[in-house]
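Have a look at the structure below before the remarks.
Order as written gives the chain letters A, B and C; numbering starts at 1 within each chain.
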Amino acid sequence: MAAFSPFDIVDIQARPNRLVAQALSCLLFLICIGLYMQTSINRHKENPEDRVTPNATQLANGIHASVFEPAEEDDYIPADDASKWERFKHSMIVKDTVSSGRRFLISLALLIPAVVLALHIGLFPWFGAGFLRFVLFFDKIVALSLLPILFIVFGIDEWSKIALIVIGVAPTMILDVTQMVKAVPQEQIVKAFTLDANNFDVAYRVVFRQVLPQVINSLRLNLKPMMLFLFAGEMIAASDGLAYRIAIMRRHMGMDVILPYVLWVAFLLFAIDLSLRLLNRRMHPWFQA
Amino acid sequence: MVSGVSAPVKVANETGTVVAMPSPAATSIHVDGVSMCYPLAKKKQRTVLENISLEIEDGEFVVLLGETGCGKSTLLRMILGQERPTSGKVYVSGKAVERVDARSGYVPQKYSLFPDRTVLDNLTMGPETSKYHILGRLMPGFRSFRKQVRKEAMRQLEHMGLRPTDAGKYPHQLSGGMQQRVAIAQALMMKNRVLLMDEAFSALDPATRASLQRLLKTVWNESKPTIVFVTHNTAEALYLGTRLIVLARSSHEDHCGSKVALDMKLPGNEAGMSLKKNGQEFLDLVDYVERFSRGNRHDDQALDESAVDGEEEAV
Amino acid sequence: MRDTQASKSRSLLYAAAAFLLLATCVSSQAKADVPTFTVGWSVYAGWNPYFYMQKSGILKKWADKYGIAIKVQRFDYAASLDAFVAKNIDACTMTNMEAFDLPAAAGVDSTAIIVGDYSNGNDAIIVRNGLTFDKLPGQKIMLVQKTVSEYLLERGMVLNGQQANLSKLKLINTSDSDIVAAFMNNKSNPVVVTWKPLVSQILADKSVHSIFDSSKIPGEILDLLVVRTEVLNRPDGSGQKFAKAVSGAWYETVAQLAAGQANAIKYSAGASGDSVESYKEQLKTTSLFATPKSAADFTTSPTIKQKMDLVRQFCFAHGLLGQGIKSADDVAIIYPDGSIQGKKDRVRLRFNATYMQAAQQGKL
């Protein structure tokens, strides 16, 4: 490799060495960690009990508390000889993940009828006439501002949070999928009819199968808005959940617990996204890009 | 219309083959006084097809020829049922066409195969869906039926010149020519008597195109289905068809739609016509036909262009 | 001709810009000479007077007297505490509980220089269907968790002999911005704990009633003005000047308020967007230390130690002091008489009556 010149940075045809490129991709992470440590050390010099930027020991304690200690509001008191697994099972992070995860999965399941509706809107002219304009309008509604109405209709328990997620994400998803359905070439639909398919064969066995990989990709993009709405809901009224814990901890600046929680949520989202991507690739080998 | 009727007789004499006019009794496709108008802005409308009537007999290989925008594809889509004529009616196998159904097979230029299915699944899809609809697939007889259809599909596949190893491939793994072979096979699996092809070979390179033309000719010779083949390539039309219909408009005004400019019988033997075989006679015929497709307007530039076009693409 | 005109006007523009820049430099230079302090406050009956104090010019008068500048900034309550802990503001209004569990527990040495009032009915537990304390366990209770609301609930349970049932309460953490709608619209949620003016909004519905309020625990929920100790002890003495100026301005303001001066009440009510009637109603349940004497007396009395002990034990029991703190004594409090609650080497919160006493003696 030729010697590196500074102009290579703005060279589209540059061919960086693989090792160097790998190292470079880690650089920003290292800088972030470094800056955090720098701030933390400075703040601790000034105030040894600083909580805004917890140091390694504080973080370790926070992680230990979230992973091996039961939540404060729980009745469970671990026996002295309780195994790590036993403690982990009753820890607050497990409890919070389970309850947030349940809300998340139910909302995800409720998006399936939304996708089916979108399929019908995009394909069946009568459905399009009936729903499209309303969904277009509804999509522009800021779901959070409807909260008082959601409380009246769904109560303040689980369903209002789930409704918040679904109302927040479903219209966008429906419009997106409708576009995909409309983008399926007319030839395909005509061809299917000449092969003696009926309307539902065309809808579910031709069009739906073809847009499914795109639907999954659209879902992947919507994971973050979903989590955002879930967090908003849990911060407004909840008695458990990941965002509930963050809201409670924020009240006394428990950044030592909040930071691990934030990273855990990021990891969960990443994992869901990755598994959806792999699933997509496995299920739809014919799908390109 | 008058010239359209008189032309076939004349040409038939020239090529030395005498063919009788089709008798209405044996018609497979009957186009009855069909017009097509699209609304434009400000209450204007554009007429694409103007009062077209055709009788297509069972077993005819009809080639619809015309310049781009003359409405030949629109006519095909009306026979298919995808578009509804503004006035007039279309009948296929004696019944009026209201919507797309399994009376006709269809091979478009692009997107002719389902990208999410393997070649084999593309072939079996027709028989499967026509016998078992979406929930019928859960019925007990389905599996054995599927086995049988698969066997037949493999036969059809080999007949179309594909290797058995291609059966498991997805359409995107095949070349354009292979895809169209599979598309034809897919339509043939339905065993319907009418096959509609819309510029089916237009996107292919000349060599592939020639081999597909030969394939199609063979297929037609074997079972003699009724084929309506839309193309803008005169050489292709002369090689394939037993009957040639040229659509053209007499002027470019919006209110003036295309009419049948020429309707003639071709020799339609097993070999078909080509430059190699028929020599000067073929070139004369190309020239003659193209004069009609330009709507008898003697536009020098257009003439030069299409003449070159025809020579290049002639097989 | 046009060109020269354009260039002329452009150069004029440059000159104006340069002048402006210079002017701001000079003025900021001039400002930099005067020590500037920022006080953060949030909406609450006992703190709204800070708005009037600034608006009426009382604060500026006192600041000028001590040769300093004081800025007053309104925050959301939680945000004001964050800003205080992050050292973005020098002084902040907060309750005794938050003073203990936030800045103090986070290692920010803090001093309460003004004890403004205590909640005397501002915070309340409201129930439907005539529920009583012995029926609360198992019911869903909406409140902002880990705040004085939860403290009030616990104190109510204890004072009504339900201490054993504390762990059976089902708390639902509900944001204060939505708590009224969430309670009013769901008949299945029978209990809510919150503060005024939200309490007044809820009690407007005649089918619910309050079973306990802060007037039953007088002096336990205190509203303070807290200054960072390092600011107070600045070597140039400006921190002291700041404390004196704010104290002087505060008692002048409160005196006007107590005398019922129309403007004082109107602007204080306007600070939270309340009507004058509503604000007066809130003041009734706010026990304002209207004179420096009453405030100083309370701060130097033994009572405050008992009350603070209850609060700090609550904070520790609920983990509000953070993971690292193993005992309530780890965050010690020092009182005006020099007595210390907790470990002597870990004093974090200081009650300082000096400035209230100075105001009482007219020495400001």
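The rule is short, and it goes like this: a residue touches a chain if its C-beta (ideal position, glycine included) is under 8 Å from a C-beta of that chain, and two chains touch if they have at least 3 such contacts.
What you see is a predicted model, and the numbers here were worked out from it, not measured in a lab.
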Most distant chain from subunit A by Cα centroid: B
A-B or A-C, whichever has more C-beta pairs in contact: A-C
Whole-Å gap separating subunit B and subunit C, where each centre is the average of the chain's CA atoms: 84
Distance between chain centroids, defined by C-alpha means - subunit A, subunit B (Å): 50
Between subunit A and subunit C, centroid-to-centroid distance (C-alpha), Å: 37
Residues within subunit A bordering two or more other chains: none
Residues of subunit B that touch subunit A when the two form their complex: 80-82, 99-102, 104-106, 108, 110-112, 114-117, 125-126, 129-130, 133-134, 170-172, 186-187, 190
Footprint of subunit B on subunit A - complex, ascending: 185-188, 190-198, 200-201, 204-206, 209-210, 284-288
Complex interface listing, subunit C residues touching subunit A: 78, 82, 85-86, 101-102, 105-108, 142, 145-147, 167, 170-175, 177-179, 181-182, 185-186, 188-189, 318-324
Residues of subunit A touching subunit C in the complex: 47-52, 58, 61-62, 65, 72-73, 75, 147-148, 151-152, 155-156, 235-239, 244, 247-248, 250-254, 256-257
